[in-house]
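What follows is a pair of complexes built around chain A, which joins chain B in one and chain C in the other.
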Partner chain A sequence: MSTETVADSDGEDNAPAPMVRPSWFADIGRIAAVVAVTYVFFMGLGLLAGLNVNFIMSFLQRITFYGAVFAMGALALNLHWGYTGMFNIGVVGFMGVGVYAMSFVTASPDASPAGLGLPIPVGILVGFLAACLAGLVIALPALRVRADYFAIITLGFSEIIRLLAVSGSLRTLPGGYGTGGGSGISAPRTDSVVSWLQSKPVTGELTDGIIWAGVNLGGVPDSVMENYVYTGILIGIVILIFLLLTRIAYSPFGRVLKAIREDELAARSLGKRTDRAKVVVFVLGCGLMGLAGMLWLGKRTLVTPNHIRPIWTFYIFVALIVGGAGSNTGSVIGGFVFAAFVYDGPDFLKRVIESFYEVQSPPTIADAFVSSNPLAVIDYLVNSMDEIKYIILGLVLIVLMIKRPQGLLGHRKEIAAAVDLSRPSTPSDGANSTDESATTGSAGGESDE
Partner chain B sequence: MSRESLTGMGENISGGRISDSASAVRNRLSPTSGADIVGLFVALLMVLLVLDIVRRLVTGGIAYTKLLEYLWWGLRDAMYIALAAVGLSMTYSILQFANFSHGDLITTGAFGGWAAAYLVGGWGLASVGELVLVRATSGGVSPGQVGLQVFASPLAILIGMVVAGAVTVLVALAIDRLVYKRMRDQGGISMLIASVGVALALRYFLAVIFTNRKRGVTATAPDVGPFTAHELTLVIIAFALIVGLHLLLQRTKLGKSMRAMADNKDLALITGIPTERVITATWIIGAAFAGISGYLIVLDRGSVSINLGWFLLLLIFAAVILGGIGSIYGALVGSLIIGMTVNVSLIWLPSDLAKVSAFILMILILVFKPNGLLGGVETT
Partner chain C sequence: MSSADSPDLESQRDDAESVDEDASARSVDDAVLEVSNLHKRFGGIVAVDDTSFSVERGSITGLIGPNGAGKSTTFNCITGVYEPEDGSVTFDGTDITGWEPHQVANQGLVRTFQIAREFPEMTVLENMMLAPKDQLGEHLWRSVLPGARGGVVEQERELRDQAWETLEFFEIDHLAEEYAMNLSGGQRKLLDLARALQTDPEMLMLDEPMAGVNPTLEEKILDRIHALREDGYTFLIVEHDMDLIMEHCEHVIVMHQGGVLDEGTPEVIQSNEQVIEAYLGGEV
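After this line comes the complex of A and B, so read on.
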């Protein structure tokens, strides 16, 4: 690291321009604005359609929870792909490693399959380390290959993890341990942290207060409020990861990463140890993916292979691409927008449509076309919303790649240098950096993440 | 080791070529590389496994008939993987991206073809809508009533196969026009991501139409000697198609242009090869083969679901990579190896882990011998 620091100060001698700094307030404002607009949109739509307030509140909790999960995944993936250019499409494999390792540690020794019966924080630590280790095993040989080969290797890895988890032959191993095969491992849920908080003196009163407020002021059921508290904890973790990754991105080490993304050969020629940087970043990102997997899947009573499907990798990918690869703020916004509008939005829309008239869906699309009811085709489509969700997902991905590969807040062309080397008096190149430089235009170049 | 990584990630294609060949030369000059060591290790493992098979045969651990059965299954799987791998390999080398929507072209062919086969075979037995949707709901006509097996209604099966190819070609060309054509100048990774989007949209479009129910669609056919009739049909048709492709590539001008484009796109452009027309031909051949592959897989397995192609995709990638991306003959060899690996590994592994061996083989090849087993020629 010392060499980079030297290079850094050299750069400052030559260029008097101020260092590129993160623009915290603008970023937080942007995220808060998106979240607020989304809440208002769904609440307004739900109230107009006369939906149950409880339903709307638990829907908002759902999108916030999944938004936080996708944001965590997208932040970790952003570290891999957005910053360093490593095209990892095995995200769900690392999530699976994390959550299986955690369940193994936290499951009761009497259960079948048995675990070690240790407390959840130990489990999370072990799961994190296990995901890191998996990342290291993949990274050491695989980081030398071409980007598209790397993609296939990581996808192959996640399939291997899924096949191992689902396999009957690892169901029970000697000592009563094992993966449980298709039925999975039964371990304490990670959201039991809420009841643990309630049992402690200060946090307990705080948690009880929040739940009391929700129940008595909003008329929201107890269980939904407990989910809100857990979601709040997740948001806290997202913020911590956000701070960590933004800190990394603006450090000399972060600039090495961006240099690798732009031109690895050049970075290496300048004496940067690119191999080591890639391994470190890949391992850290995999650990964070494992953490996201634990907080998301660990919330269920059973950890099963059903959720270790490649589609989840692509969910996180779409979340990142929507937000804009290379931007931590974009990752968080992308995660939330994806959860709200693509992942859960169609179900909400279905409820809204159903509240206006009774959907009588014919069993097949052929019946819908020959039906005497002129709305039968629409009914059929409303009823197939689960499938249509994926079509929307695919189309979003295609349109983004054709029209706007940099995403909503994309920074793929952000400068890798410590200082902004571009001339400040060229408003014409604002076409690339969009409206951000306009909103936060105090010191040179801090618009970049 | 570090020399190879000079080729870097996300580098443009022509630059990659030059440094690839440079590092290839350097590797030839250097005494031993990691690839050699791993190659030696894998070869040693192979010898040990073969010895173990011999030992088991002698001691009666497995019967000869069982081994022959595994080999036959390997050949059968290799044939349909090969049909699909040809198309994937061609798009990989000529359009220069990993097409993740190839698996769903297989599914498209399966549904399109069987819809036609049901329509022809079951005409008058049920409404057109019910027949075209290939048993979308339980109940209705059964495969036995329609008589969908090669001996009872060969014409319906044949027409279904032709339609499977044709529908898939139309879908692939439409997708190329709508999506990939607009991205010709973008990098391989952008196109890869777009192809994931295409895969999802296409698969769930099929799900909306055909529903995502997994259903049996063929009637049981009598056995021909030790084989089932449908297995035999699959192997024979696939073999004929592959021979036809070989003749096309070697004897026609189109084949020559395709090989030229896979080898060096810019040079092909300069020498006046109509690249867009060659790309269209690539999609036509690749998609037709993928569609027919899907149709034949369903004929053999007897059931169809919307995940059919997606579950096969990684195996197909494994075959393409094993033979060397862009090499059609390599893809055929790779398919054979993958088909055999998945089935012969049943001697040691339980069936739900058989695919793992193929994926591990794929990863090893990608890491240590990225140009594939047939050497570093990225030509057809």
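After this line comes the complex of A and C, so read on.
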């Protein structure tokens, strides 16, 4: 599509200038480069520390899985916040709606609480639609209020969902259905979709082929290989969402969204139906959040209210801020970098440190300070890496806000238009003005490639 | 389109001179905008009190008045930012009272703001590309579905060419790829006007287009306004600078304390003692 556009525009305008609009192809390349560098970094560190290769591989699989989940969440949030300026701090609520709806559809009718026992893809579709519906229900009242109240409504919604899930009165409903209260719903894991794919004609042969290759050529155990395939499916979904959102971004619709973010009254005064655009985008984003929730939480055998705590909304915000709000490429990179270095990285670091010397951690921080061992404080910190993680998270956020508030990629560079916007070449162009536009062009956002 | 020929002007002058106390009685041959008995209050403050006036098609009409006279509120009531409590607004034969801002704009009545409201983190070109109405790609499915996007791309190309043309007309094309936030105050005013023009309006309502603009740029803006009027656009301009209004408008409406104090040609207004008093802050 993109190459077609280039060809058309060249043909019509006789413009010899190359296309300067950043293309999704280059963006995917950029994302792949970040992922590759991260892999090499952890692989090198792991091998240097003499860690087990299987351990390193499973770590890489883990950061890829979480990277994909955070990327999906960040992409959806970017549509709301980065593009349209809707400050949705109830992300996990929409994830919860999705995953609970899916669990209800896919859980076995004999289980307690009972489900409908339908295949996982049907469950995912229903979960997506349920999250969309929840978005619509919230959008109609919430988008009438000012931006700060909107944020509070979304936060309230996500807490309502969590409290409904934990509530005793919805625990068991007539017919054996219900939320299961605090103990949650037990449903088939979404990664069992891999076996479901194996049981179908075409996809089955394909999946079998990949697993066979992994087992026989890579020497990877069968069950691990299924995990890889599931993570691969997630990457595919991230790419699809990325393409969808990029297409929105490079369109007049995306331009209206940006205008809403910048100044809604000005956009309305230019004749734009901002109310309609906001509802459409909110519903779509909520559906995508539901999808992210299903693919992530659905991987556990049990979905409990404990999994839909507001901290996850916070994580997704940090992932988006790391990458740069307003940029789809940044969202994906932010999601992956957050998963690799902040969410999972510290545990890996702990293993690396432990491989060099034996960590003898004192029981409390006070003991560490009075200890005769000069390394005691460090030992203590290494041993409490799980908790230190949150301090690192806070530090990353503070440093980022001070040093690079626009995120790793720098934000809002993606020009919202379906065509290259550079000046169509006409004979009337003065040499003077062309020069000027060339110099400002290099300072502006379009000279991205 | 510039039908404001001399006989009309003379008859207006006669009207204004003869019926000073009832300004709303002025008859306009071809009114594009008619405001009648507009009321708007905020709490205990009556911001607009029984305001009536009309704007002739193809004219440059000035709206002046001291601070707090109700000019901006009147603007906001006409363009749908506020809903008037009473009265009616008729644009081009259609009753637009209480319409939403986007409906008013799509009807062909487009405004700019006192403080330029550009979209700061969008480029000048993006600002310009947003404005044209009835864009196919503003529907999500049109923008996303593979088969439907062809028409969108086609239209985008036309809009881009149009945007460049307008930028060249306003001589800000060298800033096209700059973020709007990097523009100077005066350039933002130009962008605001250029952007409003992109919607292909019948009539433009400019809220203090010259505020904070240096004399050179001011000359440029005025120059463009006159050129556009030649092309048939109608202007209603709120402005504080009396000299400027007197020099460039053929019809002037004076507001004071929420109502219309007087209206007529600049000469008539300048000789009205009530107007002078209102500007000097005396009791009326």
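Just a few scattered comments:
Everything that follows uses one rule, which is that the second predicted complex is superposed on the first by the 373 of 449 C-alpha atoms of A that agree within 3 Å, B and C clash if a C-alpha of one lies under 4 Å from a C-alpha of the other, contacts with A are read in each partner's own complex, and residues count from 1 in each chain.
In this text, a contact is a pair of C-beta atoms (placed from the backbone, for glycine too) under 8 Å apart; a residue touches a chain by one contact, two chains touch by 3 or more.
All values reported here derive from a predicted model rather than from experimental measurement.
With both structures placed on the common chain, the touch criterion links A:394 to chain B but leaves chain C unconnected.
Once the two complexes are laid over each other on the shared chain, residue contacts for A:259 go to chain C alone; chain B is not touched.
Once the two complexes are overlaid on the shared chain, A:244 sits against chain C while remaining clear of chain B. In the superposed model, A:363 makes contact with chain B only, not with chain C. Contact with neither chain B nor chain C is seen for A:212 once the two complexes are overlaid on the shared chain.
Look at A:157: by the touch rule set out above, it reaches chain B but stays clear of chain C. After overlaying the two complexes on the shared chain, residue contacts for A:270 are found with chain C alone; chain B is out of touch.
Judged by the touch definition given at the top, the superposed model places A:41 against neither chain B nor chain C. When the two complexes are superposed on chain A, the residues of chain A that touch both chain B and chain C are 261, 263, 265. Those residues of chain C lying in contact with chain A across their complex are 79, 81, 100-102, 105-106, 110-111, 113, 117-123, 125-126, 129-131, 133, 135-140, 142-144, 146, 149, 152-153, 156-157, 160-161, 163-164, 168, 173-179, 195-196, 199.
The touching residues of chain A, when paired with chain B in their complex, are 85-87, 141-153, 155-157, 159-160, 163-164, 166-169, 261, 263-265, 275, 311, 314, 317, 321, 363-367, 369-370, 381, 384, 387-391, 393-398, 401-402, 405. Residue ranges of chain A in contact with chain C, taken from their complex: 1, 5, 8-9, 12-13, 244, 247-248, 251-256, 258-259, 261-263, 265-274, 277, 280-281, 284, 326, 412, 415-419, 421-424, 433, 436-437, 440-441, 443-446. The touching residues of chain B, counted against chain A in their complex, run 1-2, 4-11, 16, 97-98, 127-130, 132-133, 136-137, 179, 182-183, 186, 188-194, 196-205, 207-209, 211-212, 314, 317-318, 321, 350, 352-353, 355-356, 359-360, 362-363, 366-368, 370.
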